[in-house]
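Let me give you the structure first, and then I'll get to my questions.
Chains here go by letter, A, B, C, D, E and F, matching the order in which they are written, and residues are numbered from 1 within each.
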Amino acid sequence: MLTTEFDTSLPSIRQVQHLIKETTQVEFKLVTGDLLTGRVLWQDSYCVCIVDENSQQTTIWKQAIAYIKPKN
Amino acid sequence: MLTTEFDTSLPSIRQVQHLIKETTQVEFKLVTGDLLTGRVLWQDSYCVCIVDENSQQTTIWKQAIAYIKPKN
Amino acid sequence: MLTTEFDTSLPSIRQVQHLIKETTQVEFKLVTGDLLTGRVLWQDSYCVCIVDENSQQTTIWKQAIAYIKPKN
Amino acid sequence: MLTTEFDTSLPSIRQVQHLIKETTQVEFKLVTGDLLTGRVLWQDSYCVCIVDENSQQTTIWKQAIAYIKPKN
Amino acid sequence: MLTTEFDTSLPSIRQVQHLIKETTQVEFKLVTGDLLTGRVLWQDSYCVCIVDENSQQTTIWKQAIAYIKPKN
Amino acid sequence: MLTTEFDTSLPSIRQVQHLIKETTQVEFKLVTGDLLTGRVLWQDSYCVCIVDENSQQTTIWKQAIAYIKPKN
């Protein structure tokens, strides 16, 4: 875990903030190959926390994200 | 292993502190594909130490965490 | 996620800017083994956002890119 | 390989120092899936050096550690 | 993507500069397991760009390189 | 590729310097699973260059090293 900045002017940070606000369903593909889906509850420098349809929360380490795909 | 900050105001750091205090069972999915379960004993910038039901301690490098799932 | 610089004088940053401007189809090979193809919409320090022929947007974490191949 | 700090007040650094002093057998699970076992001889910011029962030394890069498990 | 330095006095940076100048065929083994071969066109802090015998350019992220092998 | 320090007082850096001087055969296990063997020619912050018995040189990125094992 590293010294980080959390620059809310960056498009990628803003996009996740937007997904939180819009309560969009998002697919997270991880470097493990796992595919997690849920609404984003919060993000910080290290993590993104999502909740699925069973109210199970999962905190994803950003270091493990390969890509995210908002469900349109 | 890198220069780190351990900012206890961050939600992700606070969440782990909360899991320690509540002695919650937590699933850790690692980038190796391993799934470890236990109560969190301590965290620092680099690691999270857990203990399982057989009192076996395991120190997980945060760099290897894909996601964590508290057992509700 | 780490302290970053986004130095637009670097060839690799400029190349992606060029791909955005030219709306070139680009193949992204990720460290997961995934192969994603699309036009690049934007990049920042952490991510590259692409859109495929079905207008599906995907935000790729740069940390997960192995290589990119512009379709000539 | 990155700028590092080696803060001996951190629990995770102290734990490895303790394992060195106590000559505890330790299992190292690596991100490659390898499982190495031995006593820890030394650590620095980048590496942990272990020795197995055949006196074979192995220097493990910390970047490749998923978790460690002291044999109680 | 991280704050980088591009220190042209380092042997590893100089070696790639040499490969560019000599237009040497080079094998790149990536952490994905991919093996790419080509002449190196340019490098910067983040990437190495190669071109194969079909004039297809590929930009490799240095973070994904396991090793390189110049073809003697 | 990151800002690095190359602190020759560190045991892990010194060990590789020692292996260079002693022309010891060394096994390198990489995060790809590759196992490479050779004598170490040089190291810098990013890389270790080895040569095998056929005089083939390979430059290994340190970021991809899981562990090294000197052949006693």
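What we mean here is this: contacts are C-beta pairs under 8 Å (C-beta built on N, C-alpha and C of every residue); 3 or more make two chains touch, one makes a residue touch a chain.
Only a predicted model underlies this, so the values are computations on that prediction, with no experimental measurement involved.
From subunit C, what is the lowest number of touch steps before subunit F is reached?
Minimum number of steps from subunit C to subunit F: 2.
Roughly how big is the turn, in degrees to the nearest 5, that lines up subunit E with subunit F by CA atoms?
In degrees, rounded to 5: 60.
In terms of residue numbering, is the interface formed by subunit B and subunit D classified as same (over half shared) or different (under half shared)?
Different, since most residue numbers here occur in only one copy.
Using mean C-alpha positions as chain centres, tell me how far subunit D is from subunit F in Å, no decimals.
Taking the average C-alpha coordinate of subunit D and of subunit F, the gap between them is 18 Å.
Between subunit B and subunit C, what distance separates the C-alpha centroids? Give it in angstrom.
32
Could you pull out the residues of subunit D that touch at least 2 other chains?
Correct list: 2-4, 30-31, 33, 45-46, 63.
Just walk me round the ring: subunit A, then subunit B, then whatever comes after, in order.
So, from subunit A then subunit B onward, the ring reads A, B, D, F, E, C.
Which positions of subunit A touch subunit B when the two form their complex?
For subunit A paired with subunit B, touching residues are 1-4, 30-34, 36, 42, 44-47, 49, 55-61, 63-64.
Can you name the residues of subunit C that touch subunit E in the complex?
2-5, 10-13, 15, 29-31, 33, 45-46, 62-63, 65-70, 72
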